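Okay, got some structures for you below.
Two complexes are shown next, each including subunit A; its partner changes from subunit B in the first to subunit C in the second.
Then we have the complex of A and B:
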C-alpha cells in the first residue's frame, strides 16, 4: 500500500464520512486520545461550517491493560452501549493501536445483534492515510444499500465534508444539473440519515467529488451498475464539458444548457476585465492546477513574473463557474489593493 | 463500562509535546504518524517535527528515520526532545537505546494517560539545573493550551515585579537558557501542573494565596515589598464586593456548573460562593479529582457532561465550547480548552488580583447579559 506520509490519519478521513450520517454513531476502537483529537477537529470545523451539531463518536478507551490482554471485550461492551442509543447504524473504525495488538474486530461484530454494524477497516496509519480512510468509509457504508431501479437522478459521492466551501460547491453542482433538468437523489455522504443510503443504488449516474475517489466509483459501478463521472466540474471549459458528459450519460440534450452557461461565463469574464494583462505571481497549494490555471492565464492574458502581485490558487480547485467567480473576486481584490 | 462518548481531553502524547513546545530552543519530535502530529501542531501553533511513520516503518523499523531527523535538528536547536506515540510503544521499539545520550526522551503514548500525565512526565525529563545564584523565582503551571497561559504569565510577572522579584524560568513557556539554570524557588500558577522543579513557595491562584506566597518569598529574598500588592488587593476586593452586592440586590445568586482542571474549577467555585453565595451544582473535572467542599465528578466525555448538566441544570456555565454546546440555555464563560467559535486575542489571567477581578467581571456580565436576553 502506498500512502502519503503527511496526509493525516485514516480515522480522520473515515470519520469525515461516518459522522455525516446523522442518526448513526461511530466507534473508534482505540484510546480516548484518538477520539478526542478527531472529535475536537470535527467540532472546530463544524463551527466553521455553521453546523452546531456535535458528532457522535464513542471510544473503546483502550488503555495499557487492553494493550496487554487484548481489547475485544472493550469493543463488545462499547457496541452494547451504542445499541442503547437507538442509532440507525453503528460504524466501527479501528485505530493503529487496535491494529497493532491484533484484535479480531470482525468476530466481535459477528456476535452482536442490534442495528446494522458496519466495520470500516481503517487501522489508523497502518491502513494508509486520510484519503484511504475516506474511500474505506464510502465503500463500507455502501453495504447498507442492496440495489434498486434507476431513477434518472444522480448521486454526489464523496463530498469533502471538512471543506470550508462544501455547501457552496454542492449548490453550484445542483445549479448546473438543474440547467439539464437533473435532480440530485443522494449526497453520499453528507448530512443524511441511515435510511437514505438505501437509495444509493437507484441513481442513474454517480458524480464523484474528485478523481481520488475513482476506486469508489468503480466499486459502486460493479455493485449497482451505476456509471460515474470522475469529479465535480473545474474550470470554465471543464464546467461546459461536465454539462455535456452528464447529458451524454443520462441521454439528455445538453446544447441549450451549455449555451446558457457559456453566456453566463462570458459575463463573468467581462466582469473581471480589470484582471486583464496584469503581471502576477501564482501561489498554488496543490499539484493539480495545470489545465485550469493555464486556461485562466490565457483567458485574462495574465503575465507570470516573480515580482507580480501574489495571487492564491486553491486546492481543491474551485468548483464550477461560481467557484471561479469567487476566486476571481479574491484575485481582483488583491489587484485593486 | 469504560467506553467514552466524545472524549473531551487530550492524551498524554499531546501533554508531553505541549511541555517541550513551550521551551524555545528545544526541537520537539513526535515519533509517530502524521495523524498524531497534526493535532498538537494545529492547536499549539509552535514548530513541531515528526517522523511521519507509515506502515513500512513499523515492519522494517524506523530507527534510521528517527536518527536522521534528530541529527538534522541537533544542528538547529539547543536540545532535541523525542515524544513516543502509541504504535512504536506497542511494538516495543527501543528508542532510548539507539538515541544519542543527550536527547530528551519521553515514552508518552496516548493510551498511557491523559494530558496532565504526559505534560508532567515531560517536565520531569527537562534538563533543569536549579542554581541558588539565579535571581528571581520560577513560574510553574504555565502551559500553552491553557486559555489563561499568557495572562497568568503576565500577571505573575507584574505582581512579582511590584514586590521587587524578577521571574526566572517559566514552566513551560520560556527559552532553554532560562531553564538551565533555573531558580531554586518556584511559584505555582496552576497547582494541577507542578513540574517539581524548584522549591514550591505557594500559588498565585487566588488573592489570599498570592499574599501567602509573597510572604513566603519575603522570608527567602531580600528587599521584598508587599505594600503595592496590598494596596491593589484592597482596591480590587472592595470593587468586587461592591459590584456583587449591587448584583444581588436585584438578582438571585447564580446556580453554577464549572468544567475544567480541578484547581481552576475549585478556585472559581470558592470565589463564586464567597462573593455571590452561588450554588455550585457540580465541578466537572477533566483531570484528577481531589477533595473539595463542592460536588466534584469526572467530566472527560460529552455524555458525562450532559448527564451532570441535566441532573442539576445551571444558569451559569464555566467551561469549554463543548459545554457551551451541551447547554446553550445557560450563561457561558470561556474557562478551559478548547474554545471554538469565539475570538480571543488578549491575555486573560485567572491568577493574582487581575485574575480574580477578571473572573468576577466575566461572571457578573455574563449573568446580566443572560438576564437581559431572557427578559428584554
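Then we have the complex of A and C:
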C-alpha cells in the first residue's frame, strides 16, 4: 500500500480547519470513536508543535440504535447541547456511517436556530482524503461571510494548521508583504473568532497556502470577486516572483521591495557559502520539489552522488527566504557534523 | 430443527403464505416459530388475529437491548405458533438492514431461535446485507421463492437467486434453494410458466397455490385460511405445501437467468 500525507481521513482534514475557529464548536455526527481518535490526533500534533490545544469537539455518539432508526434526533440533541455553550458558530461534520445511512443533516440544521450552523460534508468513504476535508471546510466556512468592500489588504487562505512551521511561515509571508506595505486582513482559518470570517470578502487578494487549494481560491473568487495567488512563495526566485505578483494584483510598485529582498537573499547565500561544491544526496518526500531543488543545487553548485551527505528536503517546501534559511541551517549542521 | 425462509417480490403474498404454512405445520403438532423480517411488521398479523405485536426493534429502542426478555418479543398466536416481528425504522430514515442484523443478535442472546420449524418471512428484495441475514450464519438453510407468473415477480425471484448463489458459494455458506412456490394471479398457463422458470434456474415448483377469494375473506376476518376455512381446497393447498416443505430433501444452488432469457421465457407463454 502506498499513501501520501495528503490522504487519510476527510474528517481530520476538515477538523484541522474548523477547530481553529476559537469560539466555535465542531460536532462530529458519528460514533464516539471518530471524535476520540480525531481529538487525540489533533491534540498530539499541536503538542508536538509546542501548543497545548484542546480542540472544541462534540460527538453525537451514534450507536447501533441510531444507525437503525436514524441519527437525526441525536444530532438535534447535540446541537442543542452545543448552543448551551454559547459558541459563535456550530460546525457539523458528518462521519462515514451517518452518510451511509443517509441522515438528512441539512434539514436538521435548518430547523435549529441560535447561532450559525454550518455543515461540512466529510463522509470519508465517499473517496476524499485529508486535503478534500480541508477544502470542504474552507468553502463551508466561507458561507459565514456575505461580502464586503475591498480593503487593499490580503487574506491568507488554508494555512496548514498542523504543520510545525505554520507560525514561522505566517511571519515570513507577513514580512514579505510588509516590504510592499501590504497588511494581512484575515488568516482564513487559523486561530480566529467566528466574527472575523465576516471580513473574508473584504480582501483585495487571497493568497492560498498551496496549489491544492485552487478550488477554494476559485470558489472565493466567484463568490466575492477576490483574485488569488495559488501558493505561498517557495525558492529564492519564487519569492521574488511572489513579491512581483502581489504588486501586480494590488497595483503596487514592487521594484524596490524586490531589490531589497534580492540583496537579503544574496547575504544569505554568502552566509552559507561553506555549502558550495559539496557532494550530497537529497532525500525528499514531495513530488513538486523539482524547480526549487534544482535552483538550490545550481546556487550552491552541489554535486549529487549516492555516497554524498544525506540532506533532507522537506514537504511542504520551505516558505520564502526565511524558510530556505532554516533549511540551509539544517543542511549546514549535517555537512559539518 | 428445520429453518426455512420465504423470499419474493413485495406484495406477492409471502406473509399470507408464511402464516398459512406456520398454521398448517402447527396443525401437524409441530412447535413453530415465525419471524417477520420486514420493518412493516405485519408478517404475523393473521396468526395474532389482527394484532400488530411489539417488535424487537421497538423494545430495543425503548428499553435498550440488555433489558429485553423473551416474553417481550415472542408472542403466541393461532395454534400455538410463536410469533416475532423484527420491526425497524420508520420509512425513509436509518438502516432497516442493520435492524435485521441487530434483531438476530437479540434473538440469539435470548435463546429464542429454537422450534421444530422456524419460518423467516423476509422483505421483498435483498437490498443489502442485512436482509440476507436469514440466509447467512447458518440460520435458514432452505430458501423458498414465492412468485406468480408475472414478469416482475419472476424478475425479483431471479434476483434473489443471485443472492442465494453468492452466499452458497462461500465456505461457510449453507443456504440452498428449496423450491419455488407459485402464488397464482390467475394468468393463463401460469403453473406451467413458473414450473419452467423453476426448472431453468435448477430448482423445482414445489407447490401451486391457486388464487381464491377465500384468502381475502380470511384476512378481512383477521385469520389465516387454515383457521378461517379449514375445509376449503385453499387450506388443503397450504397443508400440502407445508407437508412438502417438511419432507423436502431437494436443496439446490440456483443458476439465475439472464434478463433476456427471463423475458424470452415469459414472452413464450404470452405468445402461446
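Basically, the second predicted complex is superposed on the first by the 328 of 337 C-alpha atoms of A that agree within 3 Å, B and C clash if a C-alpha of one lies under 4 Å from a C-alpha of the other, contacts with A are read in each partner's own complex, and residues count from 1 in each chain.
The criterion applied here is as follows: a contact is a pair of C-beta atoms (placed from the backbone, for glycine too) under 8 Å apart; a residue touches a chain by one contact, two chains touch by 3 or more.
Just so you know, these numbers come straight off a predicted model, no measurement behind them.
Once both complexes are superposed on subunit A, the partners subunit B and subunit C fit side by side without clashing.
Touch criterion met: A:11 reaches subunit B, while subunit C stays clear of it.
In the superposition on chain A, A:331 makes contact with neither subunit B nor subunit C.
After overlaying the two complexes on the shared chain, residue contacts for A:101 are found with subunit B and with subunit C alike. One of subunit B and subunit C touches more residues of subunit A, and that partner is B. In the superposition on chain A, contact of A:64 is made with both subunit B and subunit C.
An angle of 60 degrees, to the nearest 10, separates subunit B from subunit C at the C-alpha centre of subunit A in the overlay.
Once chain A of one complex is fitted onto chain A of the other, the partner contacts of A:272 are absent, as it touches neither subunit B nor subunit C.
Look at A:74: by the touch rule set out above, it reaches subunit B but stays clear of subunit C. Legend: residue contacts after superposition of the two complexes on their common chain; A:43 is shown touching subunit B, with no touch to subunit C.
Smallest inter-chain Cα distance, subunit B versus subunit C, after superposition on the shared chain: 5 Å.
Subunit A uses residues 64, 66-67, 100-101 to touch subunit B in one structure and subunit C in the other. Across the complex, subunit C meets subunit A through its residues 57, 60-61, 88-90, 93-96, 98-99, 102. Of all residues in subunit A, only 64-72, 100-104 touch subunit C in the complex they form. Of all residues in subunit B, only 1-14, 32-36, 38-39, 42-43, 52-55, 58, 86-87, 90-91, 109-112, 114, 300-302, 321-322, 325, 338, 340-341 touch subunit A in the complex they form. Residues 1, 3, 5-12, 27, 31-37, 39-41, 43-44, 47, 52, 54-64, 66-67, 74, 77-78, 81, 95-97, 100-101, 124-129 of subunit A are the ones that touch subunit B when the two sit in their complex.
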